[in-house]
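A, B and C label the chains in the order they appear, each numbered from 1.
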Amino acid sequence: MANVTIRIDKDLQDLPELNTPTARPGQEKGALTGWIQDLLFTVDHKKLGLMYICSGLFFFVVAGLMATAIRIQLAVPRNDFLDPDTFNRFFTMHGTAMVFYVGMPILLGAGNYLVPLMIGARDMAFPRLNAFGFWLFLFSGILLYSSYLVGPGLYAAGSAPDVGWFAYSPLTAKAFSRGSSTDFWTLSLLMTGIGSVATSLNIIVTIICMRCKGMTLMRMPLFVWILFVTAFLVVIAIPPLTACQVMLTLDRFLGAKFFDTQGGGDAVLWQHFFWIFGHPEVYILILPGFAMASEIIPVFSRKPIFGYPIMVAATVMIAFISLGVWAHHMFCVGMTSLGNTFFVLSTMLVAVPTGIKIFNWLGTMYGGKIRMELPMLFCIAFLFQFLIAGLTGIMLAVAPFDWQLSDSYFVVAHFHYVLIGGLLFTIFGGIYYWFPKATGRMMDKKLGLAHFWIFLVGFHVTFFPQHISGILGMPRRIFTYDAGRGWELWNMISSVGVLLQGIGILFFVVNILWSLWKGRKAGDDPWDAWTLEWATTSPPADYNFEKLPEVRSARPLWDAKHPEDPDWRFE
Amino acid sequence: METTTAQISTEWKLPSPRKVGMITLILTESTLFSIFVVAYVFYIGKSLNGPFPKDVLEIPWLASICLFGSSATIVMAEKALHRKNRAAFHGFWLATIALGAIFIIYTGIEWYHLIFHDNLTVSTNLFGSTFYALVGLHASHVIVGLILLSCVAISSLRGKLHEDHTEHVEMISWYWHFVDAIWIVVLLVVYILSVHAPLPPGVS
Amino acid sequence: MFHLVALEVRRSFRRFRGIASICIPALLFWASTAPVAAQQDTVPLRPIGNIFDPLSVPARAISDIGIFASLICLGIFIVVAGLLVFTVIKFRRKVGDDDAEPPQIYGSTQIELAWTVLPVLITVVLVLVTARTIAEIQNRKIPESALTIRVIGHQWWWEAHYPQYGFVTANEIHIPLSTKDRPVITELQLESADVIHSFWVPQLNGKTDVIPNRTNRMWLEPEQTGVYLGNCAEYCGTQHANMLLRVVVHDPAEFEKWVQSQQAPAMQVASAQKGRELFASLNCVNCHRIDGSIAEGVFGPDLTHLMTRRTIGAGVAANTPENLHQWVRDPQVLKVGCLMPNLQLLDNEVDEIVGYLQTLH
């Protein structure tokens, strides 16, 4: 913390645009209008990153409330809290929003905010493209939710899409989905897909072309490496989704036959195309979780990440294999035994690099001096929950077992362990970790602990019983069920857990607001960390670094703080 | 510390963002096209009713030669630009635009015939759906390319194309080559493979 | 060689299966799985589709491999979670620790290699065992003598054709019991009339999707009689939740009796004459079929032997006179969104129609 010196290769004076007092339109106007104008026209990666994350958190609350309504409906058998159509719309919008409007923007936002800081750059490679990506995402989210205002109005939940987030054909065909609800779904995903590809392209180019002097690929923080791989996955995996949506739009508006089973179209083709996107998408969502854990765990264990090159290799492996596993979502469609076996093999293979990662995180903690700060607590919980999620994933990969478990509540439990237990916990960890950097203030620890423990308990109470109801034969996406089939108890427990999660989230929201207002001043480097974002002020200035840094190892700040034992000696 | 300062290489060169960006764009576009190609191939011979590819498609030799030729002229144009021979650059560049335009006009005529003479529309059968989607996606890329080419032509003719725009021009030519390469695939799959594929059972 | 390993693993596992198949369900699912005697039935009702309580040959194979995979995963969980807990407790910063940084370890090739090879080995074993079970279930030769049932999924009910016997029924599928000395296999040919559905009766077999333009096949070989409950397991629209399934497993003699009752022509009871005429004059006949009448519709369930079924509306309500009345008056009350419209019948018309339907034994 003390004598952090970063080498200089470029003075601020070299950058003419920083010396001219233009930059901010509307600063001379009223504070509020100026602020709004700034948000609307900014191309700054930090502001866009925070806007991504804040919109993501907003959609998280909306989609979370839908999930709450779903759980209330399912708490007791033959409940009539929601009518079937509303229920179906809620789970469709919940799934779609959580994947495309919560997971994606938060990870793209984190990448946007942190990648330039971590590689010692002043901004992304294409700042305007960055703003373009963000606004496409935001408008597509508004488009999707505006579907509620069309049709029979709010009480009947409008005419929001009700085809499920993977929208299997031919349920989406005009014959079975009348009105325009499915078109809202299709067009908004088309839009946000293009936005995500634009932003990911930007992340790739930034990482390749904007690294500060000395930052070779193998000196990049693991966060940057994993975001790099994730961005590649987005660029490769989103186009199939885009193609799907174009084809479906042609079907619905121009009467094309792609997925029209009456006209010879194939219902299973949609599933192939969708999951060619959809499975890499799962890794697109979870990899940034890995990325954040890979930064937080070393810093709080006070040790470098164990086996850095292996971690990089494992990430690339996961991404590569994930492109060839899609049909494990389709074990029940009646593929040949050979096809099934192939996808069992490829799916099981993912377990190997994923296992390596878990072991390496453990190896990082082993022999360290673990500081039990909030970010670390969330990461430890992540490790525990992701372990469970990974193992239930292996169970699901056993195709015959999947013939029973597929589309049951077991699957619901599994992917909520991945996406909440894995991803959301690391996102929370990341927020507690980088909040001081972004705002200059620390988050409150007591409120944070309350958030952590209540949410942790709520999460397990909600989702663990769903494994059991799935094993007892409860299919997913049913709006009601009969008493006497062994599901009542587990559903009731599950619904109670939601209440706890809600209280936990409330603590989180209060903590954010309170800390923004009254949080302790953070200083540049509150966690005694090692990557470049901690070498600048909190919050960073528009230009990020007064002087562009120069690095000689993967932990430049360690080198600066420990001149007697720098990392670069081992390179 | 002094000894270590020397270890840092003084050379720190990174690739140009435009090039990396264009390569990434081509990567993402390739996956987009590949899905449409897969859909087309998957549905060959599965249309429930005619017209079928062999009834209505003719290999567009002229258009293909024009499009492939335009890849050559754009390379010449780039070379001319490097030699600072503006006249030659204009000539080759405009030739590229003309060849691309011929291609797109040919496609227009082909579609007109298919729609009004052969009664093949996007909703006629699976062949119609997949054909118009794939060929249309490619044609839309040609149109985008033509717009980009025209922008360069206009700014160059107005004398606003400067030395530091060389890389922009190069990127547009990369994109154009990509559009050409896609046409090879489309030509093989649509006009050669599917024309020779057997008809579905029960159709004569 | 790997094949032999897999075989050996399976064999040793078989020995272990007896204990495991009792312990695991008992451990996890103390919720009663005991069959309940269903009213008016000679066979017990089995409402709980516990996949670890299989009562059919393919379901048992799945349960076996499921327990095998679960145990492996449980073992991994105990080891890794134990390591995690140990690490967190042992290496957390304690009160009074100095500020010195711990030794900076960057990695170790040997350790990395070890924890790469170990998962690979586990994966290999699991894949081989899985491949065997896939082949065992999917490539099973179905004998000529097998009973074939064409099951057609509709939004939101099931149609069942018995081509060997020449009759059609709906929502409640009856099949014969298979015994050691007289094994009987039932093959289902699954088709869809509209969107994708999925046929799932957990205690009899895993699910198989029901896809338009395709015929998927699955086989059942039940070992216990009973009324097995199941669901449509692929989201198929508004009433996906109420697309319930009942598979009734009889012993062969009972099954023959049931077949004969279904093959008989529809009853013509004189007292229901008025209701029959009314039924024939209404829109009912456009969608429903009653053998031997002008009702030849194919969009709704066959009603020829309606009263032999235990439920109406694909399991949404018991087949009682009150529910029948409610259904005929306005099906949208019992099953909102279902494709049968409210026919706006007068009260006396409802009575007559229901009176007629109740004669259809």
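Note that in this section contacts are C-beta pairs under 8 Å (C-beta built on N, C-alpha and C of every residue); 3 or more make two chains touch, one makes a residue touch a chain.
Computed from a predicted structure; not experimentally measured.
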item	value
Farthest chain relative to subunit C (centres taken as mean CA coordinates)	B
Between A-C and A-B, the pair with more C-beta contacts	A-C
Cα-centroid distance, subunit B relative to subunit C, in whole angstrom	50
For subunit A paired with subunit C, centre-to-centre distance based on mean C-alpha positions, whole Å	35
In subunit A, residues with contacts to at least two other chains	264, 266
Subunit B-facing residues of subunit A, complex	9, 125-126, 197, 201-202, 204-206, 208-211, 213-214, 235-240, 242-244, 246-247, 250-251, 254-258, 263-266, 269, 273, 276, 550, 552, 563, 566, 568
Contacting residues of subunit C [partner subunit A, same complex]	28-29, 31-33, 36, 47-52, 59, 61-62, 65-66, 69-70, 72-74, 76-77, 80-81, 83-84, 87-88, 91-93, 97, 101-108, 111-112, 115-116, 119-120, 123, 126-127, 130-131, 133-135, 137-139, 155, 194-196, 198, 200, 202-203, 205-209, 211-214, 216-217, 229-242, 244, 336-337
Subunit A partner contacts - residues on subunit B that touch it in the complex	1, 4, 7-9, 12, 14-17, 20-21, 24-25, 27-29, 31-32, 35-36, 39, 42-43, 46-48, 122-123, 125-126, 128-130, 132-133, 137
Contact footprint of subunit C on subunit A as seen in their complex	83-85, 88, 162, 164, 168, 170-171, 175-176, 261, 264, 266-268, 301-304, 306-310, 332-334, 336-337, 340-341, 344-345, 348-349, 351-352, 355-356, 358-360, 362-363, 365-372, 380, 383-384, 387-388, 391-392, 394-395, 398-408, 468, 471-473, 475-482, 484-486, 489, 562, 565, 567, 570
